[in-house]
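Structures for review follow.
You will see subunit A twice below: alongside subunit B first, and alongside subunit C after that.
The block that comes next holds the complex of A and B.
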């Protein structure tokens, strides 16, 4: 007994600490949830068995083999609608994430560079900074209702509303980085090399300060899914027949009271799952990013050197 | 247009003064100073931290604006030179400034990308082959391996980075080169090498030099005229030999004694033996 114990302790290979066991597996796992949502959204017509906006069977059928998630009050297939709902959520998520990241980076850079300067430019910068401070004080639902109320209910209005709700974080993250970068000596060197302020801002300031904003991008995506569903739930979201999760839940609430749970529960699960998946990916991707970047860069570098 | 044909220039500072802050927090970084630089100048500026020597250098290239007084280049004020694009680029091409160089390269650009920018903007060189030739020439001049151009700033040593900073300024063939603490962050043996490179290049291309540093040996090695600054004031000026051998001001004497006393390596940032000879 003692011998075997000793033998075991001697032969046991030293386990490498978990953090060091980086690899393509971790990279895959980090991206998997996000990619899964994107795949569902992209291939919705292939996955969904029925048209999401037509009546395909009797109304209020419980889940069965033919209708996986049952049918809703007007006889539309809940499974197909839920799958297409992912497509709507992803469309809005991607557009809003791009708008608020690009817009936030540009506005944040402008604020950061102009903030302490005199004259009209500095004044505009400080005004924008104040406005972005106030934006976070307004609850996103109310902001959404107001914007949709002013602009009328359209996809464009919704994108503007959700972007306004979410752009603040990106602006502030970028501004903070720009305030750091603008003290760097290479901006002085760029000035002495004859670069114009605009060129210097785009070539040096922006690339060196977008990091936090980029890491924030998946979170914007996830928040957009929540806000879109909330707005849909209170009836100012995407218009009716379009399969949108929030609206599906709210329109199925009354039948939920009567014991027909499937038209409300499944979209709700998908909202929760997609937000969780995005949140997971947005935490995991920055962790594997250095590994990924190092490997991709190495590959890229060797290719470029072999060409040169 | 080129400086290497020995075209002369004249840069004068008259009663140039610089204050930072206002009211009771006002600090005078540079007391009114008069100065004249031309193509034959090898001016060393020495002083302790906060003596205003860097501010003086930075005012000449327009990184700081003088509170009062006029800096003029070729009879035209620097403010005027920098007021429109064409003359600003011309001035930047002719008067270049190199700073102490630990962070003056964008970490996301290779040295190739960084060094070609002034060549393109200030000299209007567009053809790729010409850019490549000139970058290689300047690298050889500064004994840099041209292969290092594809590296990023964090991938080379401090001495190499400093030489790339010099390359970035010298590649446009300026008439006046202002070096601000360019060797202060380097270790002793590298300092000597960089100083020799600067001296050789400046002599070969007959450009004016203003060399700002806090270390006496480096300044005395590279310059023929010396300006000693303290608390924003020029306390002594004159030919290097004169200042070193018969210092007039107590501070200069103190400074010289400090270097004469120190034989320990960490307190005397000298370089190779040839430089020690030149210095003392």
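The block that comes next holds the complex of A and C.
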């Protein structure tokens, strides 16, 4: 009696998912911030009026029409350097996002498939899982410093360092998804059909479990920008004359204390804007993605039908 | 035995900690050995003239780098059990002293910043739930949607430009005190200044803390707030809440119950930030001229200081693990459904 009462009256009203109207405007708005950063990075040589790594004017000029953001302590144009900084950040961001997504998916699939299996494979899987657990415990900046210290200060070392910081989120997401997928019947069917475990892993498991990892990719991109700037700020990032936001800020600190704010504030604004823009896109794109995919698929299908 | 059964949830969790620290210490030991450069040759190169092999061997022994890697590992383990992390290869001071002379000041800064963020998050969460004002709720939501970590030093740069360069309300960010030295009793600067009765220095440090703490609060509140608002929205329509309403529980208690149940994810994020800031606060510390534990790590990597770096890593990770432990325990205490061995019907 009491049970039925509770079940009927205390039932929460089903929360209707807010059905948002799909329009090209929403899609454009979702992609716009990310695309804007990519465009700035891609066309940096066209936007920037001066060479970013050469002295073009007297040092410490305040912002003016000729030098939009002023010049820094060496006389380099801050505007050009900031624009080229976007290029450096995007280069690192794209490479790190690709590396950590692909690597994370492969490692996560391996861990997920080898979990609770016996023998050497199971042990390797557990070891990898344990290592990725320990990687969470090391603060990312410390990990970056240590890896850069070990491998020497080069772009490759930075990429490895940042990838190591960010890969474990992808591993965790993929592992959880693989644990869900591997109970599905089609894997059983593939096994019965005589497919090798490797083939069934690559053909059936990976495509069905990459969803969360792909959704995480823009976040990895944004985190990469953050870590790159932080490492640059404490002086273990990209080598000096390269226009990199974090290093630009830290090298402008002494003049900031003397009241010259322009060499420090503009890179800072760009870091903040790009991080916020990437975060916005990474939230908005998964929201519009299903609609977009359905729309594109529908068009594609009708075209093919009409041709046939 | 019944005591053990009742308290198993935190006893078992506590017992894992030393094991984790031990395993991680071993990893750090090998990680540090991967650093390029030989500290012995660095130390010897500063001496003039030719150096005999005996002298090199003597320096090596003195640094604790003689024998095979396995001998060193055994010595490292032995030291670890006695709480001795060896002597710094560069300054010669015991690593444990170097670490613990810097750790408290970092912890003080982090605790101030994160507690501020936590309190602001609680206040905004309370406003969010208490007042059904659309504009208020929307603005809180927008603020929480900034939940991405814009690097804290970037926020701090904005604050410096506004409040120091343009408005000139706050002093230049150049260290905790402008003149004189900090008294050292416990290592926590604010506490020490109060204990020694240096009210002037205390005020000065407090003023210097305004900008970094404000930057941390502004940066970390949205992350906590997203978790909190999400939790509030979720818990408000749970059957538990509806049952409480139906049973005629006073409004105040219902609110309290909802707040308590939605705190757990906030506590998790709080712990993660605390752990990552132990090393990560190095950016904001170097920006404001505070010394801290992170600077020790940067210095020891740059000067190939094996023992200092491995000691630093062990301590940082130990603090992170302790933070995680506290997070787990607090969550289990807040929400008994999370204790191991207790079956929950909800999940």
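Quick note on the criterion: the second predicted complex is superposed on the first by the 283 of 308 C-alpha atoms of A that agree within 3 Å, B and C clash if a C-alpha of one lies under 4 Å from a C-alpha of the other, contacts with A are read in each partner's own complex, and residues count from 1 in each chain.
Just so we're on the same page, a residue touches a chain if its C-beta (ideal position, glycine included) is under 8 Å from a C-beta of that chain, and two chains touch if they have at least 3 such contacts.
The structure presented is a predicted model; accordingly, all values stated were derived computationally and were not measured.
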Checklist entry - subunit B versus subunit C on the shared subunit A, clash or fit? => result fit
Checklist entry - What is the contact status of A:68 with respect to subunit B (first) and subunit C (second): first, second, both, or neither? => result neither
Checklist entry - Once the shared chain is lined up, is A:141 touching subunit B (first), subunit C (second), both, or neither of them? => result second
Checklist entry - So, A:194: does it touch subunit B (first), subunit C (second), both, or neither? => result first
Item to check | Contacts of A:186 with subunit B and subunit C, given as first, second, both or neither | outcome: first
Next on the checklist: By the touch definition at the top of the document, which applies to A:202: first (subunit B), second (subunit C), both, or neither?
Outcome noted: neither
Item to check | Winner by number of subunit A residues touched, once subunit B and subunit C are compared | outcome: C
Checklist outcome for this item: Overlaying both structures gives a minimum C-alpha distance between subunit B and subunit C, in Å, of 19
Checklist outcome for this item: Interface with subunit B, subunit A side, in the complex: residues 184-186, 188-195, 203-204, 207-208, 305, 308
Next on the checklist: Give the list of subunit B residues in touch with subunit A in this complex.
Outcome noted: 61, 63, 88-89, 92-93, 96-97, 99, 101-108, 114, 117-118, 121-122, 150, 165, 168-169
Item to check | Complex contacts: residues of subunit C adjacent to subunit A | outcome: 23-24, 27, 31, 34-36, 145-151, 153-155, 157-158, 160-161, 165-166, 172-174, 237-239, 242-243, 246, 275-280, 282-283, 286-287, 294, 297-298, 301-302, 309, 313, 316-317, 320-321, 324
Item to check | List of subunit A residues in touch with subunit C within their complex | outcome: 6, 9-10, 12-13, 15, 134, 137-142, 145-146, 148-150, 152, 222, 226, 229-230, 233-236, 246, 249-250, 253, 256-257, 259, 261, 264-265, 268, 271-272, 275-276, 278-279, 283
